[in-house]
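In order of appearance the chains are A, B, C and D, and numbering begins at 1 in each one.
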């Protein structure tokens, strides 16, 4: 933390800031420039708040030197984290594709989709039982019945399953069925929920908040990690921008940036990232080319009948074509599939 | 809902869309333009999903005609809603100011602040007991002890209290103490929480999500209203934009827009909306001039010692000056205070 | 400028950076923290580029201490700048309202509007002769004929005039007629144009770019000021955000922020800032309450017939009502009108 | 264009709108829904302004059915446009890479870079002679001397050249030297400039405005096309969002979207799109995987000495590695290089 003094700050004001820094148990390092005096705070200053100093007389602003996350950082954990889910390794050399419908709607729908995505090469089955919907009048998911149908599809196909949990109260019931907890974009900063899944030993698939920075996202991962669960997978799913031609703007830059900043596996969701089924395949390829460890893709046997997110869902035959194109692509990227 | 066909759509494709519209119980109205054929869907189409039609062969896109919210809309409820909290009327001609610290930190801090803001003219006391913090290493609030201190401050001053509830599990305990539930910006789309407070009869102060449109915000109000609680107050608190000189960008336009679209009272939070104490007063005045029914302001006796949000907190004497300037202003706006 | 070294930076890397700083004529001040070593650059480092150091081995990042603008800054010019235009003082205690149509369309339209806005209390007449339009198929303005009509309206009413200049080539012809050059939002970073108007002695009304920060905006002002023209007026006109319910999001925070950072007069444009005529009046009042020195308002005798921007234009009678409400407001703000 | 009437609109108001539609030479098609009456405007309504109807009594809003661009649209020109520059075909099956320094700084710098990028496989040389810089105190380019050095590098290597033109006045001088005009992000809506290059027969490389939608971008292309120049290449270079960890957010979705909407070639600029040299290679690969027809990459022999954009420039050896990885990738995408 660096404290920048105002142009007109007096020596007394500088001394007062130094005293405050020392009173909090840090060392202060004063440096006089031609236009500004700056004071460096020596020590791990993550617990300090900017305003402890920003509001002192003569202070202009506070600059942060350290990233605020620790457990999620490569500085503290240089090797890649791998997550093992019923024999599927996430975060290794192999690309892992998760696929399935936005929501579990019926027994036949989820079974039909599960077999189709398995045959095309997906390694994990997705499906929502509890759905966060903008409107209270939209379909809200089948609840526990949906979880049972997912478990049945796992039984039938051997694919591990992932499903969203929306509330701390639901962690026990969802955890009874799922192999991976999905935390959705609207809950990226639902701290009670992050702590609740952080106290389990089930892997957590943490989607980026649609208006959150990469730094805030890693702080949310830090909530899970610091609660004791080290199995976190990050998923870029598009951010909100001024562009309205697509549902979201998939932040392709975030993928290689995360691979530098953190040891956690990085996935991408081109279905939500674009919102349009006919953009999913090219953007899926782009995400792998940028370094993603895997993808999550919405597949529905009859998208025009889907109870949610039909516009961005692939039909099984389109998904098969996509998987073939990915199999052609990954060797050129030094990966397997 | 209007379905726009592609340039090259065939008569069979048009007929197929018409059939699908009718199969869902609506009437279809076909209109042939020079470049496009369009199909109007006649009936209350709020329950329909765009993709039910967007994915049919020959369809280019779907345009929405109706706003998706109903109970929150002035169309359905033309007169202003007023909320009464222990004798304080919110949403009437009188401007109501809520003030207090970001977080309850100690008995002396909350009592000192409560008396100071009351004396300056605040009508309701704010203070957080459960705090949503970006970092798991930051102060997370005093929990129930904080609620007890708030209740004690209410007892001592007679001011009704407002405090944040972060999780459905906490609704009973927080509801035992508070006069108004605050839903914070990160929880605007926490639907389980919205439904939980919607099932109580305690007024709900719904802050705008920093990443959410006015329309989505009113859909979140709709969650509370449709759960049976008609006492909702909206609070503009700034949105996230590319500008980093201020913590958020207070969306001043949203205030008069909401007064047109909805009957619910509209508040503004210039403390979070700016993030800088020295911008709070002019922006507070601006919010009232734009038509806000009230303000919520952070006040702390020693901001530089605050455990959170010190940078945007006013000292009691600054708050007093602000209240004096507001009292000069409101008659010119046809309001009282 | 502060250079932050990586966690693992070696003493040789630190020394190399110090050498580079000194080679460019600055002093380096090294400070060893517990997790990072930082190097302060002593001297006016505005001419330095971040990458001169960011790319050296062992460097993590560069932090800036100084604002990049100088002539526009209150540090260097503490008193308010006032701009005098044919007897109208801009930037003083008196609020100045500029009004008129988006575009000059005909002799009768501009004369009718000029008389109407003068009568209502406007002090300066606006009107576009060269129009920047998103579509090449839209009305592009009357060109020099429009300038002649503006000059005639000035003659008839005594109101000074302001009109937009879009290209350095047009500076002489527009300068022959206008009292103030308007630089539009799309040209805020048209540096050739900024320099061209900066070489004249005609005041410059610099609108904020719709996706530019306040800092970048002041750097554009710096282009004009450093070209020799000290008569710059800033105008907040809304920025582009994710919200689509209004045309732009007027950044109310920017108004008091600018009054702190710069000595230049600050105006606001609630017509473009909202894009909707029925939001103009409340937002206009808000801008003055936030500290703006004046307003620019679009007025058209028949908005539904306007060749551009009709949706946000006030009819003369609405403008008169707005001016009356402003006259009630400004005494409560310590201003006159 | 569809005109949506208010809930309470009267039959007289509907009839008045119909009359106005017909008075402007269009046919009106009225459709009565359960909550709203809508009026379809039949004919090419691109020349109409929304406000011609939005402001009529009883009208709620206007919805647009047609995209506003014509010449740039695949509807009107289904086959891909290819641009030939001194024997290099842009927009065909072959991926074309443009490379070179941000700015031409000296004879040795541009020649050294030109030979290096040619050897690595670049087909076109970039280099700025006129530089748009945020600060008036930064290096502004060598001007015509820079153009001469570029021409000399072309002579020496046989590579065609591309360079930015910033002002209509400079079109003749820049056109004397360059093979392609680059229009920079800040000038995407500099209409005088678009028309000036549109009147030449030199290809135009049109970068996306950092604040502009894809639709606005195609409208800017429409300015060039409708001025008579059909040789337009689009270049995605990142947009401005709330994320500050990277300089811009490269909009990967825009690449496949453009390939659907327009026949013009689509390039990407991962140097500006990320702003960090160590993100350039993965994002470059992603852009090709998403369907880009080519890339433009900043290369500098000594980035830490560069006069601009050093942080995002590759050293020649890094560029060579990138080109090798691209050559491995493109066959898997069905392209050549």
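We take it that contacts are C-beta pairs under 8 Å (C-beta built on N, C-alpha and C of every residue); 3 or more make two chains touch, one makes a residue touch a chain.
Quick caveat: nothing in here was measured; it's all calculated off a predicted structure.
Asker: Between B-C and A-C, name the chain pair that shares the greater number of C-beta pairs in contact.
Answerer: If we tally the contacting C-beta pairs, B-C comes out ahead.
Asker: Can you name the chain that lies farthest from chain C, using the mean of each chain's Cα atoms as its centre?
Answerer: The chain lying farthest from chain C is A.
Asker: Just the number, please: Cα centre separation of chain A and chain B in whole Å.
Answerer: Measuring from centre to centre gives 26 Å for this pair.
Asker: How many angstrom lie between the centres of chain A and chain C, each centre taken as the mean Cα position?
Answerer: 38
Asker: Mind checking the centre-to-centre distance between chain B and chain C? Centres are C-alpha means, answer in whole Å.
Answerer: 31
Asker: Taking each residue of chain A in turn, which ones touch at least two of the other chains?
Answerer: 211, 240-242, 244
Asker: What part of chain C is in contact with chain D in the complex they form?
Answerer: 46-47, 49-56, 68, 132-138, 166-170, 186-187, 189-193, 209-212, 216, 219, 222-223, 226-227, 240, 277, 303-311
Asker: Can you name the residues of chain D that touch chain A in the complex?
Answerer: By the definition above, chain D touches chain A via 211, 213-215, 239, 241-246, 249-257, 260, 273-274, 276, 278-279, 282-283, 285-291, 328-329, 331-333.
Asker: Contact residues on chain A for chain C in the complex?
Answerer: 2, 4, 7, 29, 31-36, 38, 40-44, 63, 65-66, 75, 211, 240-242, 244
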